[in-house]
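In the two complexes below, chain A is the common chain; its partner is chain B in one and chain C in the other.
Then we have the complex of A and B:
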């Protein structure tokens, strides 16, 4: 009986699906997004989010449409079935690289932020190892654990947006006006800044086969995109209301700096508490991405010994941190590159795949 | 001789005696009583274990009717005795087992069968108020050391034929009876089967207590969190059965195992259902808060004082500085000293007899409360933190969970001393990660939270009014989900 239950394919609920995708998207990106948007489009940056929402939503829909071509198989199996075995292996390798970069980026940012704000004297390596321990605990138990973990973190952080309403009493609506002061040009340029924060929809490629009710997938994609973009819009608008456009550029992480203006009778420097809490939030990037990396590499090498792969990748991440001693500028550099790599993987690749599968379907003799 | 052990019993009384004497040598409490049976005119031999059997029953209900009452007078005829449960046994094996369980065995000269008579009556404790889980309004009957009585106590709450019992035996030497109680039309078969499978797989000499049994069959034996709940309250056990869980009654043990349970079950108590729902909701939330206080408070204090004192408002910082000024130890050491003292006091109080235990309390109170602070060894704030933590941990209704929290607290203190708030976050993250992957009989341990069953929150995080809880918890995957009909809504419509 027990063996039977274990043989059942693990499945995730639509809520877990939504939370995993939103989690990867929001994670560390939310901190730098308002700054990047304002740099590109001034106070009109928030309009770009609405356009970005539609684009990301369409990209997500395309991914689900690609996945509908396969029955219960991940993207890698789908590719190797339609494009050949070696194309599948190559895709797995590339995606593993992409996911490991995302993981490293997430972890690296977390380490850097913790180092700057909380523990300046601790080495990056130590912090990296510290972050990897709980990740290992979650990941040792595969997709179900990842889904549950992310949902719990979402539940635990539901109160955070409300805290951001507090500084609003010092906000000025005037900062936003006039709307579209420099025309639509800068708004479209600002879309570039939205690519990196929207990365994560690709997870649907791997989550779709586990999804309990596949009909909800498209809706789920839109919901998760709406959550992400809604949060971005919320945070960006609040930042814009709070800081004047000139002030804005002085801060690296306006999202954190803004918290210092909140004062409670019983606690000072509230941002210290918040950054400690944000580590939870950041973990929503690296834990699913680490899972996806392991999924890709283990699939590439025959689908066994996932734990061993996880161990090797964790050790690898720690060693790289030890050797590179990352800095903020290097991290920014990585994010810039990830933006274009991610654009290729999450926006261009699905469209190409969909086109290919459409042609493939035409020429494939029906059974 | 060897074949006789497996084979039939002897027909001749003398060889019966010699056989038993040989196998039970150095067993002075095995009593042999030979007598003539008036009912049939045959020779009889009654064998029983002194102390394990009820002498009154033997004297009045077996010996008297057999020796003095008239019967058919034919050899081989029916024997009339005032005993409820009579088994016919034909092998030495069965005779031996029954004797050791307190049955007395009647051999009749010339017959190829013997009779095991239920005269079990070993030393027993009266049913008393449960010690560990006392309750204000709940029943005042606790389980005792006899499995049969414990089952009867549960049956009193669920007089329904759907309440089924699966009986197993565990232990080569002890042969402890283990009964799994469940509702046939409610409880998911998967639990019962996997529980039975796991219990059958145990090969030990003897299992003395439920804790041992739980350790053998738990899902993750390396976890510090209890995955089965033990209770000594029949009413609690019955209500768990009604929610679609199984209860394991272990003979000779005064508590039973409830499985599968979730993390949240450890925050519930029977009193929750007998007080008003708004109040018990408040108490449940209080318990959850207490859990976090008990696990995190000392660690939080260490993190704040040694790493992040900038978050303390200035006025409070002065007070803190004043109290910590004379203390020679770093906060971590200070906290460890106090926590260890507290743990030692607690352990001392548990093992010592009640009158001496009180002295420990007084000594501890003076040591913790006053002397340490006056001597300048420990700061006042630390004393407050430690006592607050202790109080918080006393609020949790389940001893096993409190024990787990104590261990978690020490781990978090170490993490906080090394990494401040980051250590705390990582600790919490690891704890969440561990809890969501833990299972109890294959059911997710963190059930109403992860996986999310919002409907189950009615009776976990809060307690809704009873007439709102019409369904059994989804978390225990019951076969029959409806528990009750609408009580209130009809009334209100009228």
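Then we have the complex of A and C:
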């Protein structure tokens, strides 16, 4: 009976685990990261990524360690078992809010970028609805569909970084020198810019129970963090080589602007094709986040009618877009806020939980 | 049953997706795609724009249509452009952007180009060109024996710059050169004489973008050597002093074609002055020498003479640059990389600081081949 239940329970592979976490992290954050790093630490911003990599890796390990305290249960079940039923409900509500904000932020950015670069005359609402329809189609299935979707997008995008080697023809290694030009202070201040782009490790709280081989979880966390930070380092260094330090801050989205300087003999305006493709890439934020939102709300209200929850949230997102009319400054504002909220959820909360569970384990020995 | 309905609904929605492009649609028949953009000031200081767009028609002899007019800004000029032509103007396919010399002598001309950078639908790969003369003259040229002006100009810039005979500055790179404090902008320069377009070399601007000096094609090659952008395939000709001439022929000439050039720049800061030591090292092949000379026996001597001449020419170029207080070489980048603190103090006035600095040039040429004949 038990074995049968085990079999029916959906499970994800370690590759899907890695791709989902990296996808949420990279998503739309990669666009603004180089600019934010440079604003804080000039051309030394890239050093912060290496430090941020270690911090995010440790935070991920802490999350997995928290999850090891439970047996095949999500964080919400774990919290309600150890802290009480209402604490679980409260956690579910807060996390649902957090994930819906991440979802909205991802969608909002995608809509804004699509509008600026591709379809300036199309309304944000129409674009939002268009992004939500395929998301709904993916999400109406189990976690397996999300995992597979993200892996497919990941594999499809593997070639993209190589395109960024082309503008390097006009790159200057001199931009990076001297290393540590203003001391270590600005580098540590730049770490702040890395909080938002590292958000996503929290997904492990919900993915861990589905993971086939739980022993790989810590390694998986480190691999996904390394993929994310490796990509950030790559893109940031290329941006620094290509744009002069004095010119850099003139660009809102250097990662996209750089594409407009790529020339091929056989095709012009290459960036247009790329931005259309990037929508797939951006969807790696909002599709898993939307899934996690539904997971939280449906758990909070008894664990049934997931489809209804998904429908309500999708319609809600569309309506909010219609009413709010997204702007870049509002989106920047949201990202700034998300940075601190996310810091609380993904860095502070796991450490507190781990401490609590350790004390809990001491006083209440397992039977 | 409900699943079927949902699936059909989704399919219908998926089919509707392509329709959203309709809001941003452009019919090819109504689009006018200018290939060249020109900007200039007239005698009274009014801003003029010029565009040249191809016409696809077998009935007309002329293959392009030129429109022009005055306006306050470039984006505003679009209305005026549209009033002269059949379709709607799009900035998506500019090949070249031409600025008149008069406009480039006015501070703040670069701000006029803001729309090119801000509106993401405009191209940034079009080449920047300065025209020595009124731009209206260039756009009025219609020579039946020459290719379409924008195509000709772009080809000229790209191909000549592959031999370093002119700058290869795209609109994107101009942005970098304008904002970077360690380098001053430079663009290609063309002239028209006898109704023919000529590549004149490189136009240099100061840090505010104001035109200050022109370099001819030889100087442009030497500039590329110092910028470390010179590709194999360039050609340099020197007159060796002390060799007898047979007028009217300048028979004391020797031409070389360098292979890969290694340019090393050492930076130091002493007594409030920046010092640069530039070492140029290359293997060359002789492509021409007009005076009798036993290259095998006296190779070292010839190398020495070429070194002397090239050092002299490079030094003259550097002096010319220093005198105008500009820095197209980008020595400021080296200064920032190696003498950060000292550079940051003079950052906003780098051209001035460089003009007070010392630049020492050392050339070491090795003759690798002498050609097919003795």
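Everything that follows uses one rule, which is that the second predicted complex is superposed on the first by the 358 of 367 C-alpha atoms of A that agree within 3 Å, B and C clash if a C-alpha of one lies under 4 Å from a C-alpha of the other, contacts with A are read in each partner's own complex, and residues count from 1 in each chain.
Following the convention adopted for this analysis, a residue touches a chain if its C-beta (ideal position, glycine included) is under 8 Å from a C-beta of that chain, and two chains touch if they have at least 3 such contacts.
Everything numeric in this text was worked out from a predicted model, so none of it was measured.
Enquirer: If we overlay the two complexes on their shared chain A, which of chain B and chain C does A:138 touch? Say first, second, both or neither.
Expert: Only chain B; A:138 stays clear of chain C.
Enquirer: Once the structures are superposed on A, label A:39 by its partner contacts, choosing first (chain B), second (chain C), both or neither.
Expert: neither
Enquirer: Quick one: is A:15 in contact with chain B, with chain C, with both, or with neither? Answer first, second, both or neither.
Expert: A:15 contacts chain B only, not chain C.
Enquirer: Is it chain B or chain C that touches the larger share of residues in chain A?
Expert: B
Enquirer: State whether A:277 touches chain B only (first), chain C only (second), both chains, or neither.
Expert: First partner only.
Enquirer: Answer with first, second, both or neither: which of chain B and chain C does A:304 touch in the superposed model?
Expert: In the superposition, A:304 contacts neither chain B nor chain C.
Enquirer: One more residue to check, A:116. First (chain B), second (chain C), both or neither?
Expert: second
Enquirer: Looking at the overlay, what does A:325 touch: chain B (first), chain C (second), both, or neither?
Expert: Neither partner.
Enquirer: Considering only the touch criterion stated at the top, classify A:152 as touching first (chain B), second (chain C), both, or neither.
Expert: first
Enquirer: Quick check on the superposed pair: does A:268 touch chain B, chain C, both, or neither? Answer first, second, both or neither.
Expert: Both chain B and chain C are touched by A:268.
Enquirer: Taking the stated contact definition, name every residue in chain A that is touched by chain B in one complex and by chain C in the other, in rising order.
Expert: 118-119, 122, 127, 130, 133-134, 137, 268-269
Enquirer: Can you check the complex and tell me which residues of chain A touch chain C?
Expert: Spelled out, the residues of chain A in touch with chain C are 116-123, 126-127, 130, 133-134, 136-137, 170, 172, 174-175, 177-178, 181, 243-247, 250, 260-261, 263, 268-269.
Enquirer: Quick one: which bits of chain B touch chain A in the complex? Just the residue numbers, please.
Expert: So the residues of chain B in touch with chain A come to 189-190, 193-194, 197, 307-308, 310-314, 316, 419-426, 428-430, 432-434, 436-437, 442, 444, 446, 449-452.
Enquirer: Would you tell me which residues of chain C are touching chain A in their complex?
Expert: Against chain A, chain C makes touches at 10, 13-14, 17, 20-21, 23-24, 92-93, 120-121, 123-125, 170, 172-173, 175-176, 178-183, 330, 333-334, 336-338, 340.
Enquirer: Taking the touch rule as given, give the residues of chain A at its contact with chain B in the complex, in rising order.
Expert: Its residues touching chain B are 1-2, 5, 13, 15-16, 114, 118-119, 122, 127, 130-131, 133-135, 137-138, 140-141, 145, 147-149, 151-153, 155, 265-270, 272-273, 275-277, 279-280, 283.
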